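Several structures are given next for inspection.
Shared chain: chain A. Partners: chain B in the first complex, chain C in the second.
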Partner chain A sequence: MIAASPSALRTGVIASLGLAILCVLSLFVGVSPLSPGRVLSDTEALQLLLVSRLPRTLAALLAGAGLAIAGLIMQTLSRNRFVEPATAGTAQSAELGILVVTLLLPGAALWAKTLVAGIAALAGTSVFLFTAHRLPPTQPFLVPLFGIVYGGVVGAAATFIAWQADLLQFLSIWTNGDFSGVLRGRYELLWITALMVAVAWFVADRLTIMALGREASIGLGIDYARMMRIGLVLVSLITALSVVVVGMIPFVGLAVPNIVSRLKGDNVRGTLGWVAAGGAGLVLACDIVGRLIRYPYEIPVGTVMGVVGAALFLWLLFRRGSHG
Partner chain B sequence: MVDRRLLALGAAALAAAVAFLSIGLKGNIAFVLELRLLKLAALVQVGVAVAVSTVIFQTVTGNRILTPSIMGLDALYLFGQMAMIFLLGGVGYATLDPQVKFGAEILLLMALASALLLPMLKRRLDMGLMLLAGVVLGVLFRSLQSLLARLISPNDFAVAQVMSYANFNAVRTDLLAFAAILTFAGVVAAWRARHVLDVISLGPDTATGLGVNWMATVAGLLLLVSGLIAVSTALVGPMALFGLLVATLAERIVGTRRHGMLLPAAALTGIVTLVGGQTLFQHALGNATALGIVIEFVGGLVFLLLLIVGSRA
Partner chain C sequence: MNFPRFLPAFAALVLSALSASAMDVSTARGTVSVEGVPKTIAVYDAAAIDTLNRLGIHPAGVPDKLYVPELEAAKGNATAVGTLFEPDLEALSALAPDLVIVGSRSAAKAEVTARIAPTLDMTIDGDNLFADAKVRLATYGDLFGKAEEAKAAAEELDAKLAAAKAAVAGKGKALIVMTNGPKVSAYGPGSRFGWVHGVLGLPPAMEDIQSATHGEAVSFEFIREANPDWLLVLDRAVAVASSEQAAKVTLDNELVAGTTAWKKGQIVYLPAAEFYIADGGVQSLGRVLAAITDGFSAAK
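After this line comes the complex of A and B, so read on.
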């Protein structure tokens, strides 16, 4: 299927080079000075690299890749290009889940909280997809609009509970994506995201067919309901993991799959790697920008992505609009 | 028949106001009463300003589920304020004469809103696209605002933070007189435009055929809307879905889109919801700032229902 033409090979090499440069930058940009030379000679510098910089870089890569894939899957399932976990209630539901489990079982382990957040995200996303399928397909912009307001309603419920329980500050810290607290031992749950991406790779061809709609995919021998469940679990778990570990990072899942599909088409297996790499690169780049823009203070990646992502989204919207 | 509904709404608004003023009145009665009167005046203004501006905006854009706030106008206002703090510093911003500042902010919002919305209306974009673009613009402005918030010093941030939640307890009474004049002028203008609005609601082609200068009228009405939104945002903070809630309720109550009826009905519904809600939360539920969050929640549900029902029809 995927012909390794010379030009595809060249873009592949350029893309991996870009990602590698971003990783190196991420490792050596920070408040404590760290240079490649010192890492080799100075054990303290090596410690800093291994305990703080490397986990941070890995967390950004994992969360970015995962969220972009979650966006891709969600767009496939809802058959609408303008939805993603943070704008369709998935992230807000996960947030609500964390809040409730924090109130009821303050001592729960992180994995337990993640599980509850995942279940809440699953419920919230199911409601969204169920309703989205009932909106008329002739008006494609209603679905994302519905998603954003639906997310707002779930978010308002979370804010109300947080307000009553005096947890507003807690909520706002959980909500905003931020890698500054990532250290070795605090992010490892995110590796499950890599597992989810692998599962997505495994079911990629079936996802491509799902994008044709329910009747067509059943006609082609797909167990539609089962695939829907798999997709939902993938999206919910990835979102819940990233909300629990680093907070909400908006628009990654929206911008990246749209740009990739414009460049590479809609074959999920063919684009999956690009989407993952693109998401990882975008989040990493935004994190680096957040570290540099007001050096030595940091701007959370969620805030940077809010600006960059919304601008990208508008650009996509109007480019599409002007095409017809 | 319909007049009776308006009367009933007026009676409900009056009852809400009396309840707001009188429940739990103790201590230095003259002092408490003065404080409550000031707050009541602010709430009435906000209720009326939001309701009237939403109704006008819905007529101009020909869509029942649009509100100025959904299109990001109040986010734009907050962003403008934050940009001023960023440029002038918190102290510089705080030492500005509040009324000069307020006037400048309103003018800024009117200019920005026209620059943003008029091209969209002119190109007659697909309504869904326009809605979505407006919502995303709102997100963009909110993100820009929080980005700027991170770039300013903690002291400046304290000045800025107060503005970003709808707060019905810390109403800006210092702006009240000035805001009252603006709201009054806006409401009078809206009332005088009620027949033009009826014509506008027929759509651009019919309205032009009936002798309305479409672009000029619409531009004027949008300026009016952004002015009213600026007043309410300045007084209590952003409230994204309150206008939608009130306009929808009012239309259900009077059962007509005729503006001579709808405008006063919406204004009265706004007063009942805001003053009544505030009384309820203050005395029965013991915490008043949550009203903003509840309005957001209920307004969101109404919006979703309208979206599903409206797209079916």
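After this line comes the complex of A and C, so read on.
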């Protein structure tokens, strides 16, 4: 256990306050005018809050936390800092799964689509991880490079099928992360993400040991193959859920775990909460920005995150690490 | 000058000027001169195929997929020469047409097809769609010697417009939305669908929706706040013949249910392919106007 020092406690309080402020902002930013006072007095305002604003805020928190955790797990399992679901074929595989189920079973329910997308993501991520482990560990940049090429190949297959079936625009609109369609009754599947995060917390210590490599973790008594499977299922399900419900949001899984690791080190149990909160806050902030830039129209959160995330990532690359 | 060699050339020139009169055709890129009446034509634009079909002209080459069911049926034994976006140059070459017509989606390929045959860019612009559609109709009538039919078609279209105008008059404000799976965009005056507001005198529920080809991504709260008396809905998934989540499912939620349009059942689903893909074809315009007339007339 890491003892909570006064300074750690202070950052904790500041971070929770920041997240709380973002949540309140998210609840009261939107096309329809809504103020805290009116919610208490006006039933219509309360209904708007419950039907539209609260689900949207929760969806952003869940998707952000989930994707950041998925990135953390992927980085731990592949022992490489520069991979995340959006760059290593997981999201593209989920997309391919959705496309196939859309073509073959157009009337399928959302949960069935999620299941197919999840299985596709699982298959895609397994291929990535098992190949990544064969790459020489002395060349750390080979893993992300392979991930980008591999993701590109899977994405190209999806694009080709979509093009053949006249679904190209549909695919691009659907898979670009966007919370504008989130309403009560249309995001609840994302709660499974919270469950996945809980499982990740449960196996956190074993994940930390996994980062030491196969031999070391087997030597320390870890069932390596089983842990790998658990990690894969977590990453694939979280990614598939967010792709199906809100679309792809890039960079969250890459930037957040890296920043937290700089500040807090690599103990998964110690950083898990920070990564989840960081991802949730980042996605929520980007969604609020997307709602405001062209008010009353929307900029999809995937687009905002593309810009913000790229800036964060460049900052990470050019700034010398202060930790470790 | 070598007189015996000059004479046949001169004679040919005079003859061609007498027999095949060149016609000046106004296109989206200015005036182009076309010699004689084209016989074998290839058309890469659903609106143009639609209008030509009304005039009884059947192109020898058309895209493999036209999306509009009526046009799909009227193809006859035309050769497929590519798609609405991308000409298949080998097939086009084999067809050896006298004239190629491109428009909107295929307009960017005009330079490429021009290497095979004279090409007209007959794109119809969103701002002035209705007026432009009638100009194109008259042009095709003159070009193919069907001026009488073109005149009759224009009159029919005007009659449908008048009926639609009468139907929408005084019935309140409307919002045009396009659904794409679970997401919605809104269109206003000045957009590609803006002609509906302009030509019919149908007041928009939101004045300042900026003109963007693909509309403005909006939330359901936006629709709730606009609170239109009428929702004109285009289901893009239907337009491209995908059976994805229908517009009705997307719109059926607690926020849209609060609008006047939903409460009164004043929702008009526009014929998707006609409105979105063959926009500007005279028969398509006629069917869109008829759908609007029917929808608005049903209101109490």
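In this section, the second predicted complex is superposed on the first by the 319 of 324 C-alpha atoms of A that agree within 3 Å, B and C clash if a C-alpha of one lies under 4 Å from a C-alpha of the other, contacts with A are read in each partner's own complex, and residues count from 1 in each chain.
Quick note on the criterion: a contact is a pair of C-beta atoms (placed from the backbone, for glycine too) under 8 Å apart; a residue touches a chain by one contact, two chains touch by 3 or more.
Here the structure is a predicted model, which is why all the values come from computation and not from measurement.
Peer 1: Quick one: chain B and chain C on chain A, clash or fit?
Peer 2: clash
Peer 1: Answer with first, second, both or neither: which of chain B and chain C does A:G71 touch in the superposed model?
Peer 2: neither
Peer 1: Please indicate which partner A:G124 is in contact with in the superposed arrangement: first for chain B, second for chain C, both, or neither.
Peer 2: neither
Peer 1: Is A:P140 contacted by the first partner chain B, the second partner chain C, both or neither?
Peer 2: The answer is first: A:P140 touches chain B but not chain C.
Peer 1: Could you let me know whether more residues of chain A are touched by chain B or by chain C?
Peer 2: B
Peer 1: Where does A:G152 make contact in the superposed view: on chain B (first), on chain C (second), on both, or on neither?
Peer 2: So A:G152 only meets chain B here.
Peer 1: Scan A:V307 for contacts with chain B and chain C and give back first, second, both or neither.
Peer 2: In the superposition, A:V307 contacts chain B only.
Peer 1: After fitting the two complexes on their shared chain A, where does chain C collide with chain B, if the options are 1-9, 19-27, 91-99 or 181-189?
Peer 2: 91-99
Peer 1: Which chain A residues come up in both lists, the one for chain B and the one for chain C?
Peer 2: Shared contact residues on chain A: 294, 297, 299-300.
Peer 1: If you look only at chain A, which of its residues touch chain B in the complex?
Peer 2: 82, 131, 134-136, 139-142, 144-146, 148-150, 152-153, 156-157, 159-160, 163-164, 250, 293-294, 297, 299-300, 303-304, 306-307, 310-311, 313-314, 317-318, 321
Peer 1: Show me the residue ranges of chain C that touch chain A in the complex, using the header's touch definition.
Peer 2: Contact set of chain C toward chain A: 65, 180-184, 186, 210, 216-222, 224-225, 236-237, 240-244, 250, 253-255.
Peer 1: State the interface residues of chain A toward chain C in the complex, per the touch definition above.
Peer 2: On the chain A side, the touching residues are 30-32, 47-48, 51-52, 102, 106-107, 165-167, 169-170, 173-174, 178, 180-181, 183-186, 291, 294, 296-300.
Peer 1: For chain B, which residues count as touching chain A in their complex?
Peer 2: 125-126, 128-129, 131-133, 135-137, 139-140, 142-144, 146-147, 150-151, 240-241, 287, 289-290, 293-294, 296-297, 300-301, 303-304, 307-308, 311-312
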